[in-house]
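There are two complexes below, and they share subunit A, which is joined by subunit B in the first and by subunit C in the second.
Right after this comes the complex of A and B.
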């Protein structure tokens, strides 16, 4: 033991109190005590480190680091000092550095439970699963009586795919448990055990296990669903059918249950893509539709049983079913009917039949108040005609028959000018027709009809942003943001409002304000980083609460976070902006004029000047007023720290030395998580081509061609790639050969 | 699946600053008169005497009234219907009747003032409206020539119905 570390008895007692103060979050008290020790022993490393820890928790981060480092300097072999250093890094979300500190700390005290515990959390967060197994094993060896440690080790095994070890661990744990009462925690543990068997692929064992644990499981629904799935997978059709029929009787509106039953009957469509089942024989079709009809007879209120057969029925059969389905919905006034029906349009025949039916309704309702000419039925409510027109307008809009769509929606608005949905659709039609300004105007009309609806408020704002009227949009959004926020922008950023950041980013990009655009895209990236950080607390919480199945789901969700459409959109925007930056040769006016004709140059310069003037004007016109309001509002909330934005225009992104490298930071996660999305490879191509990495560019090109060879950009990229090869032919013969052979496959 | 009864739900809703836009749109379509911002401010204050009507959850009509004191001493007042209208496709379904009944009912039990009658103006040429009010027990109690300023048919009948408190 380090002599300098030893404190006299009195100080040693104080130091123990300090540690207790930290555990109880009494930071100020702890800080005072630390100072009393330091008065006598100013070079006591561990006390210095603890002082730093307290300072860090009292929002004095820099001082905190200073003291911790000083403490370490005096006592390099103290596990406390290293642990504290790790805690500081962790609170900074610098997991890499934190992990290094923990490793050091464990070197000097390899059995410290607290350090091991923290280390395990960190390793889970960083997905260092192999190392996690070691840590978890060590924890369990030291304290085999602690149930979460057993579960923790099982999870670690599961995460690296060692199911047998995971199962063994759980079994050992379960056998040690005495007769357990039926409670939620134990039930979850058993269901988790069952999931391990399923993931391992031993369905038979999983089914048997399910039967043995049944009396102790609280989540009866999950248990029944699993049993039905297992029976289906094991081809035990009779029992599977019974299981699914039981589930359907409990919830006849579940699409999954009805699909399960269909699968039992041999129409396995991979659950979701059942539109691919179009090519059934007439006999198969009638068998299958018969199943739906039976369910419908038993459960007349089941929407799923009426909706699903629309996917499978053909010809006249489809016409009759669609007729009943749509009439019911239009009579009732179901605004989402078109959104529901349009999925069928992947089949041209169905699209035609729907159109025939609905145009027929519109004509007939207008003339005689019935859905059909031979209207022997009672007169329909006037709203039926209204919703029919609404449907029809969306139908024409989808076909991009803009004029017809506008005519139809105007007719609906004339019929009932108070319905918000009609104006929203009109706005959308105008947008699709390229009339951005008119679209924004109509969307705002819709908003004014219902000021308390945040959905239409956001829509209206979004349409203004599309028209590059940012100030207008932020004013509208401000009606719903917190009144004590510094600005609507600040509040929406705090609330992680994704669509807003993306739309503003795109707008600034259109306006040529790349700094602001990049700032918005990076805001989205920050949201994703936050989502990932947010899981940290659950590594302990879920083990304690044994919500294990959801926990594993959430880990997998976090792993795939960046395959989200929002991230892909942000990446598209950011990469495009970085490419613009990369393409600027450092000329005086910052424009790439190399490949332009004289006329083009003139045009580009004019455009740039105009944009600049406009930006200038915007700056002069808009902010001062707002700034004042902000300043007046700010002092009130002085106690809440509100970091002022030091770089509202995103200058720091413009100053990037290597735009291509910055762009790649966006693309790498996509290459890992979204390899099936064409954007990933189109964006990659842009960067690799500019970097001159021909092989990587080629790979991206081939991948994008594989995903969609009819994509217009792919064809252009092929040409661009060939030109690049011609301009800088590779010297290596092998490379040349690869390029030639690969190009042959795609051109 | 022939429905014998078509679905029709009629309900009334409060007028609020958030949905006043609906009233503006209705009035623009229904009446040849342009109402001032003052009108839209006042109707937010009269509580049950201004209502929106919904047909299958779609806003299709409205009524707006104001109480006019006859004598400030004894709370005696008349209730004047400034506007009452239903969108054309929704007429004949009982929406207007529902609005009017609501007004009559609340006029009879109004606490703030002692309402003795409900009255309104109708263009002399508006047969549809005249027969509607007559059916609901209103009587023509007078005629004002040149009541409307900027429209073609300027003359208006005054229709009145007394209220039993």
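Right after this comes the complex of A and C.
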């Protein structure tokens, strides 16, 4: 034991109090106590580290780091000092560094439960599952009486795909549990156990297990759904049918249940892509539609049973079904009818039939108030005509028959001049027709019809942004943002409003304000980073509450977060902006004044001054640590401290030394998570080609070709690639040969 | 302890994620098992105290009885799990080890430079393709 670490009995007691203060979040008290020890022993490392920890929690981060580092310097072998250092990094979300600190801490005290616990959380967050197994095992060995530790180990094994061990761990844990009344936690544990059996692929065992645990399970719905699925997978058709019919009787509007029943009957559509089932023989078709009709007879109010068959029916049969379905909806006034129907337009025949039907309705309603000529029923309500026109306008808009669409929607507006939806659709038609300014104007008219409606408010703002009228848009949005926020922009950023950041980014990009554009795109990236960080607390919470199935789902969700369409859009914008930056020939001061607008020149001149200011500020604020915090962390720090934005124009992104490398930071996650999206490879190609990484460019090219060989950009890229190879032929013979052989496969 | 467990029961998104972890410091089994009991509305006054103590006493005995039955089995399970963890670690380490004797260094470097992949990936690609550099490159490109 380090002699310097030993404190006299009195101070030692104080130090214990300090630890307790921290546990109870009495930071100020702890700070005072720490100072009393330090007065006598200014070089006591652990006290210094604790002082740093208190400071960090009292919003004095820089000082915090300073003291912790000082503490470490005096006492490099103290697990407390390393642990505290790790805690600081963790609060900064710098998980890599934090993990290193924990590893050190465990070197000096390998059985400290607190450190092990924190380490396990970090390893989960960073997805170091192999190492997590070791940590979790150690925790369990030390405290086998703590239920979450058993569960934690089982999860670790599940996450590396070792289901047998995960199940074994759970079984040992369950056998030690005493008989208890049915409760939610235990029920979830059992259902999780069942899921492990399913994921392992042993459906038979999973089904049997399901039957044994049934009396103890609270989540009856999940249990029944699982049973039906298992029976289906095991081809026990009769029982499966019974199970699905039971489920349908409980919820006749569930698409999943009806699809399950269809699958039992041998129409396995993979449960989701049922449009692939278009090509059925007449006989199959009638069997299948018969199933739907039966359900409809039993449950006349089930919308799903009426809607789903539209996917499968063909010809006259489809016409009849669509006729009934649409008439009911139009009579009732269902605004979303077109959104519902348009999915059928992937089939040209159905599109034609729908058009015939609806144009027929419009004509007939206008003339005699009936949907059809042979109107034997009562006169339809006047709104039926209105909604029919509304549908028709959207239909023409989808076909990009702008004039026809406009005529139709104007007719509808004439009929009822107060319906917001009509103006929204008119705006949309104009937008699709390329009349951006008129579209924004109409959308604003719609907004003025209903000032209380936030949706139309956002729409209107969005249309102004499309027209690059940002000030106007922010003013409109400001009607709904919090009045105490610094600005609408600030509030929408705090609220992680994704569409807004993306639209503004695109607008600034159109205007050539790349700094601001990049700032918006990076804001979106920050949102995603925050989403990922948000899971941290659940690594402990879910184990305690045993909400394990949802926990595993959410881990998988977080893993694929960046395959979201929003992220891909932001990446598209950011990479494009960085490419523009990369293509600007650099002059001596790094700026090309010739290509600048007047505003940009002014900005450039301001830049020097701002840079100076910033340097000064950095000097004041700079944390005395050797590792640089990620660049992304910078804006956040500013946000926390003061509401004003230090860099509203995104200067720091313009100043990037290597725009290609910055672009790659966007592309790498896409390559990992969205390899099936063509944008990933088209964007990658742009960057790699400019970098001169021929093989990587080739890889992107091959992949984009694989996804869509008819894409116009792919063909262009092939030519560009060939030119690049001609201009700078690779020196290595093997590389050359590979390029030639690969090019042969795609051109 | 009461204050501790209530705050641990909330998944509030703490800004620094620290609280949750700290809060459950050194929670012993009994505390964990008792979490639920603590969530129940507590009766006030001496009567409440008494009934709470009573509950704890019964639970204590139950636990005693149950532990003695299963102690052996648990010990056995723990031992197996410890061995499995070691085995897993060894297996993971072995996967990282590659017989590099036949791989040319130049080829590894070529792959690493051209395709910007980690060394291990380059080595594996070469191994899987019988050390044929063109095949390895093609394989990595078409991945």
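Descriptive notes on the structure:
Rule of thumb we're sticking to: the second predicted complex is superposed on the first by the 690 of 747 C-alpha atoms of A that agree within 3 Å, B and C clash if a C-alpha of one lies under 4 Å from a C-alpha of the other, contacts with A are read in each partner's own complex, and residues count from 1 in each chain.
Operating definition for what follows: a contact is a pair of C-beta atoms (placed from the backbone, for glycine too) under 8 Å apart; a residue touches a chain by one contact, two chains touch by 3 or more.
Predicted model, so just to flag it, every value in this text is computed and none were measured.
With the two structures aligned on subunit A, subunit B fits next to subunit C without clashing. With both structures placed on the common chain, the touch criterion links A:145 to subunit C but leaves subunit B unconnected. In the overlay built on the shared chain, the residue A:172 is in contact with subunit C alone; subunit B does not reach it. The partner of subunit A that touches more of its residues, comparing subunit B with subunit C, is C. In the superposed model, A:207 lies in contact with neither subunit B nor subunit C. In the overlay built on the shared chain, the residue A:741 is in contact with subunit C alone; subunit B does not reach it.
By the touch criterion stated above, A:575 is placed in contact with neither subunit B nor subunit C.
By the touch criterion defined above, A:418 lies against subunit B but remains apart from subunit C after alignment on the C-alpha atoms of chain A. Within the superposed three-chain model, A:449 lies in touch with subunit B and out of touch with subunit C [touch as defined at top].
Closest C-alpha contact of subunit B with subunit C, superposed model: 36 Å. Within the complex formed with subunit A, the residues of subunit C that make contact are 8-9, 11-22, 24-29, 32-33, 35-36, 62, 66, 70, 73-74, 77-78, 80-82, 84-85, 88-89, 92, 110, 114-116, 133-134, 137-138, 140-143.
Of all residues in subunit A, only 324, 328, 331-333, 376-386, 415-419, 448-452 touch subunit B in the complex they form.
Only residues 1-8, 16-19, 21-22, 25-26, 28-29, 55-60, 87, 89-90, 93 of subunit B touch subunit A when the two sit together in their complex. Remark: subunit A residues 22-23, 25, 87, 90-91, 113-114, 117-118, 121, 130, 133-134, 137, 140-141, 143-148, 153, 160, 162, 165, 168-169, 172, 175-176, 178, 183, 185, 533-534, 536-538, 540-541, 544, 693-696, 698-699, 702, 732, 734-735, 737-738, 741-742 touch subunit C in the complex.
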